[in-house]
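Several structures are given next for inspection.
In the two complexes that follow, chain A is the common piece, with chain B as its partner first and chain C second.
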Partner chain A sequence: MNNPIIALLGNPNVGKTSLFNRLTNLNQKVGNYPGITVDKREGKLTKGAKTYRIVDLPGTYTLYPNSLDEQVVFNILADSNHTDYPNLVVVVADPAQLNRSIILYQQAREIGIPAIFVVNMIDEVEKKGLVIDFDKLAKKLNTKIFQTNARTGEGLEQLIAAFDEKPPLYIGDFAVPTAFNKALEEAKSLFPLHTEYATWQFLAQEHISFISAEKNNALARIRETHKLTTQALQKAESLARNKRLSMDDSIVRTQADSSKGDPTHAIDKILLHPVFGYVLFFGLLFFIFQAIYTWSGPFMDAIDEFFGYLVSEIHTRLPEGPLVNLLTDGVVAGIGGIVIFIPQIVILFLFISLMEEIGYMSRVVFLMDRWLRPFGLNGKSVIPLMSSVACAVPAVMSARNIENAKERLVTMLVTPFMTCSARLPIYIVLIGLVIPDTTVWGIGLQGMTLFGLYILGIVAALCSAWILNKIIKNTHKSFLIFELPTYKLPDWKNVLLNVWDKTSGFVIDAGKIILSISIVLWVLGSFGPGEKFNNAEELIKAEYPTLSEEELSKEITSYKVEHSYLGYIGMAIEPVVKPLGYDWKMGIGLIASFAAREVFVGTMATVYSLGDDVDIEEESQKATVLSRMRSEINKNTGLPAYNFASGISLLLFYAFAMQCMSTIAIVKKETGSWKWTLIQTGFMTGLAYFAAFVAYQLLK
Partner chain B sequence: MQSNISLDKLKIGEKAYILEYLSTEIPAKFFELGFIPGTEIEVKYKAPFNGPIGIRIVHNNALIAIRKSEAEVILIDTI
Partner chain C sequence: MENLTIQYVLVGIIVLLAITYLVKQGKKSLKGNSSCGKGCGCAPLTNCNTSQKK
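Right after this comes the complex of A and B.
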């Protein structure tokens, strides 16, 4: 059975998402459009015996796409073979910016889609002193006009009742300027089945993804012979439509002083202030990162305890054996490694979506564009770079709303340099090992080093962006234009849903990879070829006859790891890591870390026969790991394995290397290119090797 | 008096009408967000060190930010 599809179309910041949440009442899911990773928000609405599919299209000002998100809107609305091609479009309008929405409505109707018109945020009409002549508007658009307030639910019933309505025939409002008539006539012969306006849209865009290459080429030839550019056609349309609208300005009137009662300007005077604006922004950043670390602590401890408890329960209830070990050390530990990140991700996205809801995010773009532009980035790159401090996976995804293809690519390529939360446990352990716990001028040296590593991440990201900017050719001139919307109180339902989407997306997408890698690692570490692995128990017992039962079992585990597949791999790569100051045991840790950095500490604990359920958050256990690692001797040099030189070398390696399968996977998905993904992985890891090599050779 | 200058020369609080664009490379999005020749605008904010400029489109009270490099190719008629 085919349920009718209702698509919500509208400018950004018109309360479209609130309306969507109201209509679907949480009965919704977020997926991806096939082939590209633009969030596809879809839900169900049941009314009586009827069920509607509600699709929330990305926000856009017109049907002409400037970004990947907007491309989706055009592809759905202009291609009647698209699986999401709607039966009815609901154009959602902001009463203060009615003209823009009218143009969007006209474009949708003229391209051939039935549409109705909704003026949302109806409470703003009075607040902003607007007078709207709804009868006149209905007449002009030849459709029913609905008035809603998605936050209170006002007017929703009438809107839903209209979903079955067939809007009356609509006569186009846009007369193609005569200068383009010839070109349009030629194009029309290519598309006999489309409306004239649809053909005009095809002619006014560089590439239409759902029509054949021959037709795209034919369109390009038409533009060439008539010396037309797509931008000129689009501008001509915008000009003509706006002219028509301004001739008829009796629909909306502003009563008295419109700026009265709108505190936006007063707030912006502070938030966009050349000095205080930055002070407040960095203060907020500082607060967010403090919150990420301090607020998440108790939750992370609880999660850790829970998984520890789960492992011990499984061990007591089930018989010992490789299958149970796979369950505890592979599966449960793997899932625990994913779940542990949830508190941090939730807190980060709580702040990010709040900033977006309120309208502050575009102010951040305004403040930061100047400082990122010299590196070939864009004000909008701030969001991915900032988010990356928690995790590069959602951060890379958030680069989608950067319009310029090159700036978007560069942003995605450099984002993983930022210090993500998975690097933190490694930094803590290594700093504890090699940096003296003293204070210089009242500042803790260890804390300083940690701060320095964060700065290093930022510097590496910006410098690589600068280099990439020189290498990659730009297809389009970089430009930046964006609206600074009026401040609004957040719609908490939107915020919480957004946090839920991002978190569940992380758990499922990155989780799959982390889980499978941890199983592979468990297999490599738990099995080995030949005598030594299989007879480890007898061999160790013969060698250390005096050891207690507990110590004996730890020695056996360690011996087993040494002679497992993982151990042999570690020894095989030793020549490669030797110039960096590492031995084969650290090599194992590095290999394991290529799956995900966070497994380093656990792997090292296994190798050093401490048992693998070490919790570095707990002081006593952290001390155990540290003292064990401190006493470890590198057999090649005869020096402590973790001395100052090798420690710094290791820190640098972790700061730069691309050691995260999830990030590689998401970059491949988002760039759609193995080439760039491999260049990024190679560049980051090469830089890591180089930096670690130089540091070790200088310091040793 | 001839007063045609580019938009980036305006100071905060000054108003002007948009006349024309000096570059054809400026995308149509500028038109769509309200920077259409004939429109009255007012400069509201400027980010420091030649950063973006916040401009109010007077007739619909929308606040739009553009870069200085883009403001340089927009010719205006001061009021």
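Right after this comes the complex of A and C.
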């Protein structure tokens, strides 16, 4: 026999997820609902010999979806064939906003699902000066009312004990207005569902994804015949339910003057202030980026050192050969490239989870939405956009907090335009090469160029969002109607579980892609066709008999890269990159830096026979690289390879191009689609090519 | 020499696994009902018929 399914249903910010975490402890998994990027939280609860499947449904106000998350709730509750169709729904309510939860409870009961009602955050009743008559509420809802505090575990035992009880029969609260009776009768003949209200729900839905197109069309025809719209039907229900509730308000709860002395009110006066609100928010963002940069630094260094140690151990313990090279340069480098992001992801999601838990995230949306909405973005998009200044990988992941599917997708697609820290080494080297170290009106030209590149990233992200907003259709209209939750202390269990989910999701899902690409790139750079690659050592020794061991080794490495598959691809793409002012050697750098942008400088150092372990952060080595790059001549033009025109062209290329396999992997994971990932990569690379081409042709 | 041959075989297997994984992922995503479809964002594809342009 299958385990009974208990679904937690409730408005956003009622402590539903805290209750879920409390019920399931660590016995839970987070995934996606099939085919969509909506978090599916599911866990198990064992009581005696019985095990329950607990499903945490996305937060919703009604069964009429306004977002993809809410669509999931309707699909599960209205489709008895759904694999998650519950045996019992637990409607979780915030004591301060009981009416909204009552409507949701009524809809669930009337659609034909057994449901019980839980007033969570019961400690807030007293804090807010509320007086709730639970007996009257129980009578009104025709069910037992449970009082819980998910943070402390209060009332949970009684709630769990009720999972086996069958709630009493429920008599519908909503009487269909007579004006809609004829349409409803017609719908009933087409959909003989087990309750009249279930048929009403079908009639009032814009689209039902689990029934055939013919049936959807039949419902649309009924509405058309009776000159009805789904909005009119939904509005009629909403008005009728709210009218009845407002009449009963005095019976259900009596509220004292709760605004007096309410700290939320006082805090919001500052945090939502038209000036101070923004100042504090941007101050907090600044602090978060500083934390991502500085706090993660020692951990990243430690990870780097650990993988360096691992590489040296492999070289010491295993015999030299292709397998060791693959393990060190492909596998360990690939895994290292995944693990290195963990500190940044943990820190960013620690802040995001805390902001969500405390209740500040809703204020961020409120503050930023008006500025970002014209570009098709959401108030919450500011977090991914700004955090991608540190790194696009955790930034793309943080877009998951955006409820609207289209806004989430657009945010994920434009986030990599922002100037991430990996672009910085290339910018610094190229600016050092092609921009004179002088000042204009007291402002350094090099600094100004760097600042300009940051601004360019922001402009590219916003303009692309605006374009994508025009192209991508919206399945649900996005409105900014939400309730600001009260501020509360964070539940650390929720915070840590969220951080764990995000980190493990990245390591496992995106990690596999990063590792695979890393291995493929290793093959391309480590093998080559023909005698030149295989006999590189003999050929170089014969050509440079007087070179020292070290110099010889550098020359051989450079020669091998030139004659590897990667080198040949670099030569093959030369006609494509020539109009941008690059030669085939730079082509090799472009391909190798597909793994990560910062690889460009290191690859060029290898190609220019400076060895493959150049540390650009060390001043003396940086000077060597700069001097070598300055002296390099482009054989196509006979001019310095890194002149003003080709340098600007390269800067623009790296400003726009999607040269980061980790970002590609995470976009694939978050969109669940290679299609959008490839569209994004193609669009960014196309734009990069166009900008670099125009710049070079104008400046050469 | 034998040792080197074994190493090359192992390298070949690992590389093949990596390529197979990437190709499989790509195929699955490109032909399946992926979450994000052209023209309708990250929404169920069945909803595209009734989608409204914002």
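Some points to look at:
One rule holds in what follows: the second predicted complex is superposed on the first by the 517 of 700 C-alpha atoms of A that agree within 3 Å, B and C clash if a C-alpha of one lies under 4 Å from a C-alpha of the other, contacts with A are read in each partner's own complex, and residues count from 1 in each chain.
Methods note: contacts are C-beta pairs under 8 Å (C-beta built on N, C-alpha and C of every residue); 3 or more make two chains touch, one makes a residue touch a chain.
Treat the numbers as computed from the prediction; the structure is a model and nothing was measured.
Of the two partner chains placed by superposition, only chain C is touched by A:Val523; chain B is not. By the touch criterion defined above, A:Asn66 reaches chain B but does not reach chain C.
Of the two partner chains placed by superposition, only chain B is touched by A:Leu367; chain C is not.
In the overlay built on the shared chain, the residue A:Ala213 is in contact with chain C alone; chain B does not reach it.
Under the contact criterion defined above, the residues of chain A that touch both chain B in one complex and chain C in the other are 477.
Across the interface of their complex, chain B is touched by residues 61-62, 64, 66, 96-97, 99-100, 103, 128, 229, 231-232, 234-235, 237-239, 242, 258-259, 264-265, 268, 272, 274, 362, 365-367, 369-371, 373, 379, 477, 479-486 of chain A. The part of chain B that touches chain A in the complex is made up of residues 24-33, 36-37, 44-52, 54, 60-67, 70.
Within the complex formed with chain C, the chain A residues making contact are 32, 35-37, 68, 71, 206-207, 209, 213, 216, 319, 321-324, 326, 330-331, 376, 405-406, 408-409, 469, 471-478, 512-513, 515-517, 519-520, 523, 668, 671-676. Residues 3-4, 7-8, 10-11, 14-15, 18-19, 21-22, 25-26, 29-30, 33-54 of chain C touch chain A in their complex.
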